[in-house]
Structures are given as structure tokens and as C-alpha cells.
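Here subunit A shows up in two complexes: once beside subunit B, once beside subunit C.
So, the complex of A and B:
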């Protein structure tokens, strides 16, 4: 065996090991989901008895029927979709509109430091649950879809992130645009935003995931069945009883251990966000490779 | 650059206008859809019977018109009811996985609400619902902050209730209770167990709330055992702890479990040494002592000298721990039992890897045998009484007094209406011969000449039979079971109506097993149990110290059982426990006890 052949074999062994390792890593991510899928299609007793691995035992789709029962699931799903789309869009518009002027120096943007101070203060300190609730109540937003959207419309951490990203955009781009006669709106729309796609994609993802997963605000602010978001509704479908509470009606435990139902719920919740991820990931890559200035 | 500075200002103004505009648009939309009103005409119905009121509205329970149907007989109407015009009562309610309604009914408008409104003229308005206790407390806090306290607050926690009493926010119901509550159905029922059901709801001799009552024996344990495994090892059901050890050892050595080799569990044990499912309470009880129930501040039992002692530091506790340590060494209990709660243990039992489980009849049948037999048709379960230990036969006594109460807002005018409704409903609950089985199309449906149960159906509003809430008497379930078994014996099989067929036909025998278990527990609840006598509200000292003491206790107990600590570590633990505030707490509790006695 000559050296070249030896190197070839070594490299092939490395490749195989590398692939094996990557396959195992991949499986470790996928198998839990497959297990969940199998659980969700399995008979309740088999799931509770821990007999299900990667294939359904005594196949049944009753869990999905249960999750979607009563029509509330469908309306809750749409409420979640709506709040995610509207809420995230609104978040992005406000974050961009506030972080762009804040990214300028105080000479360019009079009062910038004061506004920044307010932003940082509000980011660091908040009034707590009761004042938050009272404000929303006083604004008469309780039991409206807006209660799920407006209070989260301006995530201040995102403002700080976006502002720092805008600050890293080369000054020369803005100056060149001004010389060409662009207004600030045009500079923002045609220069800053296209360059900032990675940051926008990240913040959009933060916003969308946050809205999709939020259940607490739905629980506190919404009483109307038709306006309850998905996560809040699912909580009532698969809730665990608190073992320390002395409320042990036999009936209460009927669904407590329903692992198959919980698996179905998890999948229903996870799938829409899983679908969104790959689309946004494309922008992370293309955004980063965007070249603005050369030389 | 003047143009630039102008456009900058313009830009800011426009940006603010866009952002602000969206905010304003958001606030403008405020239509909060109100729960749709329950429709029924209740004017001039006073003086009519319940049947006369309900039948024309299609709200009468029972199915008298079917060949194998039955008739529900409702109690006499309360005086001056239904109230006209109807009164509105705001009250939150619990919802969860089992809350289901038929047709277009919702938690805000359903057959129960229509029935209540028609009979009593009371309209329940539900401002919000909750799933778990923590959520209810949070929403109650918000409601108090916003000045929106509901008229009736079902099942609120003791500490919240105490705060509300101090804040003068709840109504004193003593007088209206005396004047309105039915002697036979409500007052006498709540005198069960020497007035103990009032322990929380009475403050300084005044009734400040309505008590929350559970079923007698609800969390007490019996020993569920795999009969087919006993046959395989040729042994009898154990009657003593030593026999239980021998049976458990035989199960493990023969590896009878359905899991991988070596995973058979002889006796189920839980990370909560005392719990209703797989708790080892009756094993400790055999030594005359009990560990704490979950994380609650218990167990304080009479010390024989007029005071209370803490079982957790008693020398007999050391013996009990050494005994269970031996089970652990012999692998009779699971090697990682200290990580397992109800959920994990139920998986073991239903996966057919467990031979014996100390639980109550519901846990042994619905949360064990049913799933276990589905997974292995050859599995056979049965139950026996808990075994006797070296000192006695002993297990946890379950107090049917729940730690929540039904409080009423101070100034609320219609407490009498709620109590009258309670009189009526209590009579139904305590009289199984009235044959209340809910509503056709909601609780059950007819399929030819059989009835099938429907999920959910009705929902309780008020103070009786509310979800996750109260009953009226700790004995009501026993009454129903006894009546049912009596019917089975006295009425010939061919004369059963369709509902009784549904309730009594029991091809697997599991329902009967559960019923008999309940009756057994209720009958023996006072004799074979060790009763925690301390049921006061926790003091500041206890709130501050108990978590630390509980942690110390858990670490010591688990350390000794699993062999990480020598058995004698118990002596050191006792000294530390006393020094770290245990003695002071014990003194407080004894002062409380002396005052109570």
C-alpha cells in the first residue's frame, strides 16, 4: 500500500466515522419526535404503560380527535395564527421605526439619549403583574385580541439589538444616499433594511415563537372561549393536577396521565414553528453573505 | 443640511404617528362579547313543583318515556323560588381536560345553568375560569386589585381566605346559614366528625365561609396485588409486613414483570413517602408512625401525655426506615423510587412490572388494573387490607375537610339564594333513590334500549358538586354505592332499567372491586388509621422554617433507605431537626392543641 492509498483509506474511514457521528446526532434530534408521534397514535393504556417506542402500539387517532374536539381547537388555532402574524408584523414595524432613529448620534437625533434612557429604564424595571393587568383593564383591552398583541408590541430588548445592528451599518452608505437625494424613509427602506436581513430574520423568529408559545397572557387577559389562543386552550385540555392540592376527584385523574394525548398536543404545537424555521434560516445565510462595501 | 434636519424631524414625527396610530387603533377595538344569557321564562313559577317548572322547558332530568327508562323524583321546591326577576351571581369556576359539554353548550351557557335559573331564578355569571389552584389565586389577586371580587369564591385557599377575612372582604354567613340551611340535608351533614368540617370556615366562632368537603377515606390505602403472580409463586396474600416482604421478594426473584430482565418491582414506592398512589405510609404505619403527607406540615399525633408529638423524629421512625432499607437492599422496591411520582409509577404498574401497590380503590382500579389488563389480558388484580406491622395496622387517616373554602363577597345580598339551591341539591346528592342521573343528550344517550354515558355533560355551579370542589357529606359516595349494591341484590335482573344496567353490569368485575374497596375504607377509616391532629393554619415560624426542615428530613430518610447514610444518622437528624426550629414549631403546635382541647 503506498502513501496515497493509505491516505485515501484514512480519509474514507474518517468520512465514515464523521457520517456515523452526524447521523447519530441527527437521530438524537429526530427520534424523540418520532417517539412522540408514535405515542400520539397509540392506545392510552399502552402509552401509559411505557410500551411504546418508535412505532404506535394498538394504533388509534382518538387523541387527535380529542385535541380538536369541541371546535374550540380550530378557533384557538386561528387566534394563535392571527396573533402571531399581526403581532410579529407590528413588533417588527415598531422595532424598526424606533431603533433606526435611536441608532443615530445625539447630534443627528436631538433627545436621543433621553429616549434611550426611557427605553433602558423600561427594559430593566417593570411594574409587575397587577399594574400590568390594571393598565390593560383600564385601556379596556381585556377580552380582546389586542390584549394579546399591543402589550407585546414593543419588545425593548429587540429594540436594543436592532439599534446596535443599525449602528454597525457603514456611515458611508447613508452619506452616499443623502448625496443622491434620498430621504430618511428611503434610506431606511432601501439601504438599511436590505442589509439588516439577518437581524430582521432573527427578531422575526423571536417574535413569532414568542407569540406562538405565549399562554400566560391568554390565561390572564382572555375569558371569552372564542378568543383564547392555542397554548392557553391546550393547557386546559391536558392540564396536570397539582398533587399537593387536596382536590382529588377521581374524575380529575382521567386524563392526567394521558401521555398519548400530551404527545398529540406537543406535536400539534411544535409543527407550525418547525415549518417556519427552515424558511427563515435561508435568510440568515444570505443576509450574512451580503456584501455592502468593497475595498 | 437644513433639508436633512427637517426631514429627520419629519421622519420622527411620522414614525411616532405610525406607531401611535396603531396603538390607538388597538385600544379602540374593545368589544368584549358577553356570555350569552340563559333563556327561560321564570316569572310566576312560585308554588309550582320542580317537575312542573322543568318539563315544559325540556329541562327535566331522567328518561321516563323509554321502555327501560327511569323517572327522576326531585325534592320539594325551596320557599319563594324561583326568584323573579332572576338575580345575578358572579362566580368563577374550574375548567380542565374533563370539562366537556354537548351540542352548543359552553361553560357560560349550558344545561346546568338553564336548570338552575329555571328552578331558583339564579343566574350565574362567570367572569373567568381557572385550571389550577395557582391560576385561581393569581386571578383572585388581580380581581382584588381591580376591585372586581366575585360574589361567590369557590374553593379559595386557606391563606387567601385568612387574608380576606383580615381585610374585611368576606361576608359573615352565620345568620343567613342558621336561617336558611336545611337542618337535615346541610347542617347535619356538615356536623360529620364532631364539627371538624368547620375547622377552616369558622373564624372565632363565626361562619365566614362554607366548608369544602371531600369523601371519607378518599386518600386512604389498601393493598392491590397481582393475583396471577401470587399463583405463580404459590403464595397467599400477605397479612403482615414480614409476609409482604416475602411475597415481594418472591416476585422479584422470579422476575415476573413484563419489562427487561431484572426490572420487576415487588412493592411500588413513591418519592413522596406518603401519598395516595404507591406511598409507603402503611409500611411506616405498621411501626405506629407516619412521615409527612407530600410536603404538608404533618404528621402530629397524640403523644400519650396530652400533647402532640412529631412522628418524623420518633424512635419508631428509625426502625421503620431500617426496615424499608432492607426492602431496598433486596430490590423489593425500585432502585430509583426516590425519583418517581404518580405519573412514573403508574407507567410501571400499567406496564405490568409491579406486583403490589398501596393505593386507594380508584387508584388500584382505574389507574392500575384497567390499563394493566389492557396491556396483558392475563393480568389479574385484587386487593386486601393493609398488612399489620410489629406495632399495629396503620395508615394515613384522610380528613374529608379540604383546605379550600367557599367564601362570599362582603355585602353580597343573595347568599340565601345560594344556600336554598344547596338545600335542594344536597337532598338529591344524599338520596340516591331519587334517581338523578343527569340529562338525556348531555350526561347519557339512548342507543336502542341501552344507555351510553356521554363525556362531561353537566357542570356544578354554587357550593355543591362544583368541579374539583365540594360535596356536602363525606358519606354521600358511600350512600350511593350502598344503595346501588342493595338494588343489585333486591331487584331481579330482568327488572333493571337501562341506567342500572349501565351502572351494575360489570363483566370485568373491576367496578365491583372498586365499590367494595371504597366501602371497606369508609368502614375502617377511623379504626386502622393514624390521624394527624394538627390542622391549624401555618404560623409565620412554620412558613419560614418548614421547607428547610422538610429538606433535612427528606435527605436523611432517603439517605438511610438507599444506604447512603447509616441507620444511626437518624439520631443526629433528630438533634438537628430540633435545633433548627423543629422544637419551636412543636411548641407552637402544642400550644394550639392545648387551646383546642
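So, the complex of A and C:
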């Protein structure tokens, strides 16, 4: 395209404004976290006096010490790690196992459309929160780690995405394997899965983020302090403003404020997301345009 | 005399024979679906059966099957309750405002990003604006409560700019819903551009060049070629969003930001069901409200999928 026409006055002004607006928008997404970081490293007088904006005032790292000393925070962290690892693995196994047969046509697999109907109806309609909760209670999952893993094990939207991805695998590969005497287990394992690694990575990452960020299930399904996941615990601290878990020695009363303590916990919770963020970003577009449209 | 053979029976027999012949090969496919079907049976379809308690007076000791039937009593209670109409209205208002503001701004942001010619700058901005999408509403809610409080950094800045009184953004009905919509927009707008950016890459470059040769300036090209180019995507997204209207109000966000002072404008169906149903143990009434929500939701999504199937070649399954 002709570069000259970007040099007109109107064009120049537009470009400058456009860049400025984009910078401001971008910063608005980062600065709240920077503010939190500054707050978490500031001392009591600075934090409560509203002196902190983007840089720590009278630096102290005592809040992070306090967070690490709080037994519930640490156990909640490990519960979240566990549910993320086990939960995401289980999710992927279930999703792969159901999407592969569903990617066949009804001629290849008689009854495929009936099963698809069962899946789609469950995607479009549900019993609502109360019956769902009562069923989990009846299945004796309440207050066990399973309550954080099993109910989330079959995200139906992922099934639809994965199925559509499998459908685009060239049929010739499968036909050749069948002639060579491969079973469908082998075809799934050695033909379909290796080709689908980008899709699998996408769904795994998004599944893991979903597990890490989940808080509602921990709130209504778990009562035991040792089994509370991190986001649920964080809710009692930063939303309910309940600081009972953090005992204060009289001597460090003046050292840090509750606001700094809350900021520190929020940031520790965000760190794992920030770690996987570059990978998430790489799979963004494939994730959202994978097979269908919306995530 | 020979028995008349209907074509349907022949087809059926042929199919059965074929299936039987192929079964040694096919059985793994049927085994693979079993775990998911068990999951669906226990955690999707069994709860659907649990909807029966909407027509009962649920007693935890008696369970779904044996609680006493009360017909449509719960639905009558619901319709007579002015709160129901209020939360219904709140749900529609919040969801609609969120959908429209988000998609409007996402289109604009996508156009803005599309006009950036420095790839490095574009990618940097993108990785900044996508970030909030991956943070939970616990984290975002905590950040907002901290920053928007009466002694938070936002009010500090406003005071310095000459505002005389601190604004309690999340504490009054005038500002709560706008704050809700704005923060939702902030969290989602980057992410929502992805589809539009994808659509923009498929705009015909030759068309743009031809327009340039014919004397169309930069803004005319945006107005007459690029914008119409993403219009189908916008329509598709709006259609899907309105199909999921009852989810769009945003349970996670509302539950973590609202408080009794703003129930009048911010209490939505989902938060009410949680509060009254689970915390208040009014299981049957809340299930009835949930059923209305699910049925209306089903109708909306079916309409939207039909519309999409009719006007595009895009198919979900």
C-alpha cells in the first residue's frame, strides 16, 4: 500500500491520538497490579495514609513473611495446585475420550448422533444451581477434594471444540491405519493425538487457568479449612475483609497494614497466571478460533 | 404367500447387519464414550431430574423423589414476589448493557489496533490488554475494593483533582451498575477484539488497494471497506451473546462486588438463587426460579443458533 497517504495532517494526528489512547488503555491494565505491588511492600503509615501510588513507600517485605507464616494460606495454595494438576488431567482424558468418537460420522459409528444429542442438550440446558448442589451432596462429594475435581471434569464446550478439531484430521490417515490393522485405540493414540498437540495444549492451559481461578465451588462445596482452595480463601480475605487468620504480634502492629497484607496475598495468587501467561498468549487465537468461535 | 417387506425394515436390517459385522472394530469407540456418559448422567441429567423439587416442598431428609408435591405453588410465590421482577429486570439490564458496550468498544479497539503499523507496539499493547481476562473476579474484585474505596488510590487522585467528596463507587445505586459495566468492559475488551482482528486479516487486500487507487483516503477505507468487513462477525457475536443473555449478567463479578446497599440495582437471578436458595435454604423456590432461567435461556440460545445457521454457514455441531 501507498505509504505517502499516511503522511497527511489528519492521518498524522489520528496516528498520534491512536497510539496515545492505546498506551493509556494498555497501562490501565497493568498499573493496578503495579499499585498492588507497591502497596504490598509499603509500611503501615504509608499504606493507610494513602501515600502509595506506583512505588513502595518505606520498603518492607514483612507482609510476605506474614503470608508465608499463615498455615491456611499455604495449605490453600497446595490444594489449588493439586486440583489444577489432577483436575486438568482428568478433564483432558474425558474430553479426548468423548470427542474422538463424536468426530466420526453417523455412518462410521452408528448411534453417534444420539450421543451427540445427549451432549448438546446437556450443554444447552441444565438443572440449575440448587439441584446440582443437592446431587453433589447426595453423591457424598461435599467437603472432599473430589468436589473440586469431578464436577468440572467434563467442560462440554471443550468437547465441541476438540471434536471439531479432530474432524479436520485427514481421513486418509485413519483409513490407512485401519487397513494396516490398527485398532481405534491405536488410531487415537498414535494418529490423532500427535497431530492435535496445539489444540491439546490450548485446552490444557485454559483448563488449568479455569481450575486455578475457580472459587465458587470451594465456597459452597468445602467447609474444611484444610481443603479450601486458594481463590476461595482469598475471597474471605480481600472480599469479605476477614483477617482473622493472620495473628498479629503486638510488637509488629505498627509495621504493616491489612491493606498491604491483602495486596501481597492477591499478588501471590496471580503469580502462577503470570508465569503461564506467555504460553497462554501464544495459544490465544487458536484457542478462540479453534473449530468454532467463542470460548 | 410372502410377507410384505417394508423398505424401512430392510434398511434397518442392513444397518444392524453392518453394525454387527463392524463391531469387532468399532467397540473401542463405544467404550470411549462411557466415562463422559456416566459423568453426564450423574452431574447433568440427574440434576435435571432434581428439577422436580420446583414442584415440591423439598425436605432434605426425603430427597428428590419423596418430598411432598405442591404443584405450581413455588411458581405462584415467585410471580407474586416483587423481588423476582426486580432481579429479572436487573439481569436483563445489566446483561444487555454489558454485551452492547463490550462489543461496541471491542470493534473500535480492533480498528485502532489494525491501524497500528509498528508490529512491536501492536503486540505489546495486545499482551497488556489481554491480561485482565485471565484474572479471577476474586483478584479483580479485591483490586477494585482496594482502589475504589473511600481512601483508595482512585479517590486520592480525584481529591487532588478537586473533587470535594470521595465517591463510594460500589456503595450506592447510582454508581454501582456503571462501575460494574465499566470494569467488565476493562476486563474483557482486549480479549473480545481477537475475533475481530481475525476477521480483519481476511479482508481482501486487493480491494483496499483498488480503493486507494480510486482515491479513497484512509478514513474512507475504514468506513467503507474495513468496517463492513467485520460487520458479519459483529452480528454473529451479538447473536451468540444474546443467546447466552442470562450468563452475560456475570454472576462471578456481581457476587464479589455487590452488597446489601445496592441489591436494588445489582441483585440478579443467579445471585438471588445462590443467596435465597443455598444460604437461605429455600431450595424449592430457588429451583423454580432456576428453572425459569434455564428454560428462557434454552429458548434464547436455540433461537440464536437457528438465526446463525440461517444467515451463515457457521455450525456449532
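Annotations for the structure displayed:
The rule is simple: the second predicted complex is superposed on the first by the 206 of 295 C-alpha atoms of A that agree within 3 Å, B and C clash if a C-alpha of one lies under 4 Å from a C-alpha of the other, contacts with A are read in each partner's own complex, and residues count from 1 in each chain.
To be clear about the criterion, a contact is a pair of C-beta atoms (placed from the backbone, for glycine too) under 8 Å apart; a residue touches a chain by one contact, two chains touch by 3 or more.
This one's a predicted model, so the numbers in the text were calculated from it and none came from an experiment.
Considering which of subunit B and subunit C touches more of subunit A, the answer is C.
Looking at the shared chain after the overlay, A:224 reaches subunit B, while subunit C stays out of its contact range. In the superposition on chain A, contact is made by A:23 with subunit C only, not with subunit B.
Using the contact criterion defined above for the overlaid structures, shared-chain residue A:44 touches subunit B, although it does not reach subunit C.
Residue contacts after overlaying the shared chain place A:15 against subunit C, while subunit B stays out of touching range.
Residue contacts after overlaying the shared chain place A:143 against subunit B, while subunit C stays out of touching range.
Residues 48, 50, 93-94, 97-98, 100-101, 109, 129-130, 133-134, 139, 150, 153, 178, 183-185, 220, 235, 237-239, 241, 259 of subunit A lie in contact with subunit B in one complex and with subunit C in the other. Against subunit A, the residues of subunit B that register as touching in their complex are 4, 7-8, 10-12, 14-15, 18-19, 22-23, 26-27, 29-33, 95-101, 106-108, 126-129, 131-135, 138-139, 141-142, 145-146, 155, 214, 218-219, 272, 275-276, 294-296, 341-343, 346-348, 350-352, 362, 366-367, 370-372, 374-375, 402-404, 467-469. By the touch criterion given at the top, residues 15, 18-19, 25-26, 28-30, 32-33, 35-37, 39-40, 42-51, 53, 63-64, 109, 112-113, 115-117, 121, 124-125, 127-132, 134-136, 138-139, 141-143, 145-147, 151, 153, 156, 186, 190, 194-195, 198, 208-209, 212, 217-219, 236-237, 240, 251-252, 255-256, 270, 273-274, 277-278, 283, 286-287, 290-291, 293-295, 297-298, 301-302, 314, 316-317 of subunit C touch subunit A in their complex. The touching residues of subunit A, counted against subunit C in their complex, run 1-2, 5-6, 8, 10-11, 14-15, 18-19, 21-23, 25-30, 32-33, 35-36, 39, 48, 50, 52-53, 93-95, 97-98, 100-102, 104, 109-111, 115-116, 118-120, 122, 124-136, 138-139, 150-151, 153-154, 159-160, 163-164, 178, 183-185, 188, 209, 213-216, 220, 231-232, 234-235, 237-239, 241, 259, 262-263, 266, 269-270, 273, 277, 280-281, 284-285, 288-289, 292-294. The residues of subunit A lying in touch with subunit B in their complex are 43-46, 48-51, 69-70, 90, 93-94, 97-98, 100-101, 108-109, 129-130, 133-134, 137, 139-146, 149-150, 153, 178, 183-185, 219-220, 223-226, 235-239, 241-259, 261.
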